[in-house]
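Chain lettering (A, B, C and D) follows the sequence in which the chains are written, and residue indices restart at 1 in each chain.
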Amino acid sequence: MSDLELRALRKSFGSADIIRGVDLAVPAGERHAVIGPNGAGKSTLFNLISGAFPPTSGEVMLGGERISGRPPYEINRRGLSRSFQVTNIFHNMSVYENLRCAVLWSLGYRYTLWRSAAALKDAAERSREVLHLIGLDHARETPAGLLSYADQRALEIGVTIAGGARVILLDEPTAGMSRAETDRAVDLIRRVTEGRTLLIVEHDMGVVFGLADRISVLVYGEVIATGTPAEIRGDPRVREAYLGEEAA
Amino acid sequence: MWTKIIAAAASVGVMTAFAAHAQTVKIAYIDPLSGPFANVGDQGLKHFEYMANKINEAGGIAGGKKVEIIGLDNKVDAKESLIQFQKAVDQGARFILQGNGSSVAAALVDAVNKHNRRNPDQRVLFLNYAAVDPVFTNDGCSYWHFRFDADADMKMEALTNWLAEQKAIKNVYIIGQDYSFGKAVAAAARSMIAKKRPDVKIVGDELHPLGKVKDFSPYVAKMRAAGTDLVITGNWGPDMSLLVKAAADANFNVPILTYYGGGLGAPTAMGSSAVDRVKQITEFHENVEGAPAALMDDFEKKTSYDLYYWRAKTLMEMLKAAADKAGSTDATAVAAALSGLEHKTELGTVTMRTDNHQLLQPLFISTLSDKVARTVEGTTLGFKTDYRIEADATRTPTTCKMERPS
Amino acid sequence: MEVVVFSLLNGLLYGLLLFMLSSGLTLIFSMMGVLNFAHASFYMLGAYLAYAMGGQIGFWPALFLAPVLVGVAGALVERYGLRPVHANGHVAELLFTFGLAYLIEEIVKLFWGKQPVPYRVPDVLSQPIFTLFETTYPAFRVFMMVVALLMFGVLWLLLKRTRAGLMIQAALTHPHMVGHLGHNVPLIFMTVFGIGCALAGLAGVIGGAILVTEPGMAHSLGPIVFVVVVVGGMGSLTGAFVASLLIGMLQTFAIAVGASIGDLLRLVGIPVAPHGELTGITLAQIAPMLPFLLLVLILIFRPRGLMGARET
Amino acid sequence: MTAIDRALPAMRPVGVRSSPLAAVAPWLLGAAILLALPFVFPSRTGFTIMNAIGINVVFALSYNMLLGQGGMLSFGHAVWFGLGGFAAMHMMVAIDKLALPVPVFLLPLVGFAAGLLAGAVLGWPICRRAGTPFAMITLGIGELIAAAGLMFVTVFGGEEGIKGDRVVGPMLFGLDLGPQGGVYWFIAFWVFAAALAMWAFTRTPLGRLSLAVRDNPDRVPFIGYDPQRVRYLVFMVASGFAGLAGGMAAVNYEILTPQIFGALTSGNVLLMAFIGGLGAFYGPILGAVLIVLMQSMLSDYTEGWQLYVGLLFMGLVMFAPGGLASMVEGGARAVRRGDWRERAPAWASGALAFAVLAAGIVLLVELAFRAHGGGALRLAGLTLRPGDAMGWIIGIALVSLGAGLLRLLTRRGHDGDTARPA
């Protein structure tokens, strides 16, 4: 069964159709990449899936349950977590605090006000784990806003996966990074998404082809092809619409 | 500034040190000295300081003690007044002067009552020179509170005495600010008009929120539509100036009977729009027959205000008389002497009632005019007397059941 | 009939005064996102300056000079006060204007004292201009209406028909885009702020004479101006115009009707005691509070305002 | 517009690893100060002022819960303060009339419950918006409640308010609430308890999340929390503590008037919290102390105290948005880093320049105030009249000297006492 499924998803802003009927099924455990030229609607697609705004029509199914139309926090609680293209973390809070806030709900703490956050052993343990996983042990008490760009991106991923979501959406996690930083980021993504379902939007073709089990190509709000990296490389429509330009 | 704050903080600690000096009799004046009503508070303060000086020049009270007025800023806030009250007691003041705002007065009456009960050795008197809610000399009366201004009911009593003779007036419109004073004026007007002029119709009885109305033209339109011959209002400040201006703009020429038409700044704000239109009921205005010209000239020269609070003079003179009579400046002794005290002023004899500690004094209805001898606030306007009500005619029944100290 | 006609006239007058006061704030708020707490303080400055200058050079020159001076003062405040604070975000800006309103009031008291000043219109304008149902209508009120309508017309034309206006229009609806067009955004902000303040100053020159010129005049009008801007909607001059008239009429007619809450309830068939504490409250009593009720309701149910281009 | 600004100082991240002693030390110090104060200022005035400060400390801390912690700028915080106060006052009257066996000492809890309840009811629509619309709604609600306060005489007693007597009901801890000194211990207890509770709140999961909402409300839904819900809950708790402060006021003043709902009260608490500093938990305490002193003591010396408050506020908004607390923090950081010796000269010169500037401003303002009422300014044997040029010249010289010095110092890039916390 597919972990994440999009059915005839559409979104228009006024008269502009941004997403024009997308069908996509991502099986559990698959690393799936979405590529496409600028303005193809990749970020809008992520916003629809994560509930940032509702689709005009169509549905998003998570583990067989319809999640489209629900607010983002409910979608998150059902096990889907996303990162953002522009770093979206809590700048004035320490790295550790960022992570601890991100793990709370998944550990069953609601809007709790009768316990000390510092005394929650499981939250502390999980936060430390993630801290170690993203390699920021040394920066535990640093305010997130003072981290280097690459570290901020790592924290972005950490905040996204900290809650233990089954389905992870990463929006251009390596944008703006150097080669070496990108390699480290890919390695990190590989490790933190082990055994989970991943949907990733990425411009760096090296990353995409190195990481993804399957790839979908989004052009002008439509998926024109879905397949393994090899199939996509060989697809003439893809070459024409997208890869051709990239290669040139 | 910082040094001042530190000085202020330090003085909290040492203040008690000043308390005991009894050579001067300290009188705390608790009224707004900053904020929107600071001008009114300052005007009052200048009156009392001037009158205190007069008394000191004439040899002081109770065998040569000097009086000193201490100005304390209460920002017309009840809570802040209580803070200033405690400061006043600490500084050795056993007499409190206050007048602006019935809410403040109510808080102070209550505070003085509690204080005198809890601290019988440091009793304090509250000398109210302007808060006119009738409650202070009726259900809410206190042995420690003395009022030197006629209350809202007494002024209405006087107004309706005049109205009883004005047979041409058939329709009266009452408008006031939506708070205790405005309501008290309206209630008094309704009951007393019904008693003295049952033929007069009250064609409008309106309350509007305090200080929120910018354009009174709609109200004036209603007044005109109702065929109004006389408007009665307890409004003060901008609420009164704006009402008068709106009436003038609409060429609505009926008299507007006010409580505070001569209040500080009002003649300036209303200007010529108020001439022959605005009437006031007060215990004094500068063109009253018998007003001491030399005193008014000297007062204006020294303070740059017009003499407005005649009752400040009456109050200070009566305080002196009471202290002299008691031979002491102890609050309990002065209170006993003040209760029932009769006193002669240039305008007639005044009496402090024993049953509710309300001063009875002659009142005057006057109209703002541009043809008078003495003008106010540097304008060409001044008040001229229409009608005099004798002190005894202002007596109203009281519900006061005073608890007297044993 | 008489009451209706006069209520209309009075509502119109008050509404137009509100519009004069709030048009500048609409420009400022829409473009810079600054809900200027001190806007009514510039209105007060206009009144005081006109009073001060009127004594020297007469009313008519002051009518033009005072708003210009207020505008310059506004531009200086923007340049040396607001701009440095801008980096700290909207709350800091809001706090800045909050403090500024406080300071301007204190400074006005320092210069002109705490009492009302005798600011009057010239005799020409204080004559009655027409008589209706035996009530005269003073020329000055008509003059104020004409000025307000002219102001609306001129602003509207400037915004719709000139290059600078179109640019400001664009900035009103898409403030972040202006920078991309290569325009000098700080200069535009300063100019808009100055012009907005000048408009408030003009409202003060006229409003101060109709109402009372005293240090509390800004404080008492400040919140109402916000109501107009928020109810009218972000970036909409027409919205501010409509909202001003709406609030003017609402208040005036609420006074004219004079029914109590109990009366209204009984009108729709709910039998209640006529003089209870709640049911005895009349519309006239709560008239001045209606704008705030409107403000709260609009913000909760229609945050873009009546005609706003985008959410506040 | 909806995102609250990010550059205002945020609450300092609380060190998770700080030792137990470091966490307890400030509270021990606070308790010691509360115990010592009555012996330092034993006069009636001293108690009265300290009681007023105590009430405002709790009120300002509750305000900072909204603004400093939750990023909600409210212009109507007086509503909860007032409602809590009136609830406690009615209870106090009931204790007297019905001889209820409820100690007056516990009345702040009634205020807390009333504030919480009112915050829960009215907060529901209010918290549906954030940022500037939120601020505007609170302004509107504040005006409406203030007007209603005068209209409903049976509940709020009209202009003259409701009076009570605190010396009724059973005594707790053998404390006589009659004299001001007795009330002090009541106030001190509740200041300590409320501050501790509010500090504890910052450490709960909800407290941490409210920081997250303040920091970046757009991200919060994607970690599973509804930011609107977080704001609403914080709003309720803050209203509760404002109500508690109101309950303290009811006992202290024994009278409450609807004036309490006014814009002045709401504006004052904003001034206190901001001047003290939103960035540190103790900031509003400093602000409350300073503002109450200026309001109740400085007003004995000058009618211009409001102008000084305004100038102080504007100066901080422009040059030190972290408030007084940021200066304390700056000093503490330097001490921790151990470089305070190097910085001391810069601080001293900065303070000197500031003092010169302030002296000049004070001189000019005082002269200007005297220009209307007459009278001369007497200072250390020097008599300056507003009519003479002398005073003005000195004032202007001092201002230019101070401003010039400050400019020079900041140009040189000293991390002076006006630096903001990182």
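Some points to look at:
Here is the rule we go by: a contact is a pair of C-beta atoms (placed from the backbone, for glycine too) under 8 Å apart; a residue touches a chain by one contact, two chains touch by 3 or more.
Since we're looking at a predicted model, the values are computed, not measured.
Set against the C-alpha centre of chain C, every other chain centre is closer than that of A.
Per-chain Cα centroids separate chain A from chain B by 73 Å.
Remark: chain C and chain D have CA centroids separated by 31 Å (rounded to whole angstrom). Remark: chain B and chain C have CA centroids separated by 36 Å (rounded to whole angstrom).
Put simply, the C-alpha centre of chain A and that of chain C have 48 angstrom between them. Annotation for chain D: residues 6, 147, 151, 304, 306 touch two or more other chains. Residues of chain B in contact with at least two other chains: 38, 42, 178, 209, 212. Counting partner chains per residue, chain A has no residue touching two or more of them. If the chains shown are joined wherever they touch, the resulting network has some other arrangement, not a path, ring, star or complete graph. Working note: touching chain pairs come out as A-D, B-C, B-D, C-D. Contact residues of chain D toward chain C in the complex are 1, 4-8, 67, 71, 73, 125, 128-129, 131-133, 135-137, 139-141, 143-144, 147, 151-154, 263, 267, 270, 274, 304, 306-307, 309-311, 313-314, 317-318, 321, 365, 368-369, 372. Those residues of chain D whose C-beta lies close enough to touch chain A in the complex are 6, 10-11, 13, 15-17, 200-201, 203-209, 211-212, 215-216, 218-226, 229-230, 233, 237, 422.
Listed in rising order, the residues of chain C touching chain D in the complex are 33, 35, 81, 84-85, 87-92, 94-96, 98-100, 102-103, 106-107, 110-111, 113, 223, 226-227, 230, 277-278, 281, 285-286, 288-289, 292-293, 295-296, 299-300, 303, 311-312. Residues of chain A that touch chain D in their complex: 50-51, 71-73, 76-77, 81-82, 84, 88-94, 96-97, 100-102, 104-106, 109, 111-118, 120, 141, 143, 146, 159-160, 162-163. Those residues of chain B lying in contact with chain D across their complex are 1-2, 4-5, 7-9, 11-13, 15-16, 33-35, 38, 42, 72-73, 75, 77-80, 82-84, 86-87, 89-91, 101-103, 106-107, 110-111, 114, 118, 133, 135, 178-181, 183, 209-210, 212, 304.
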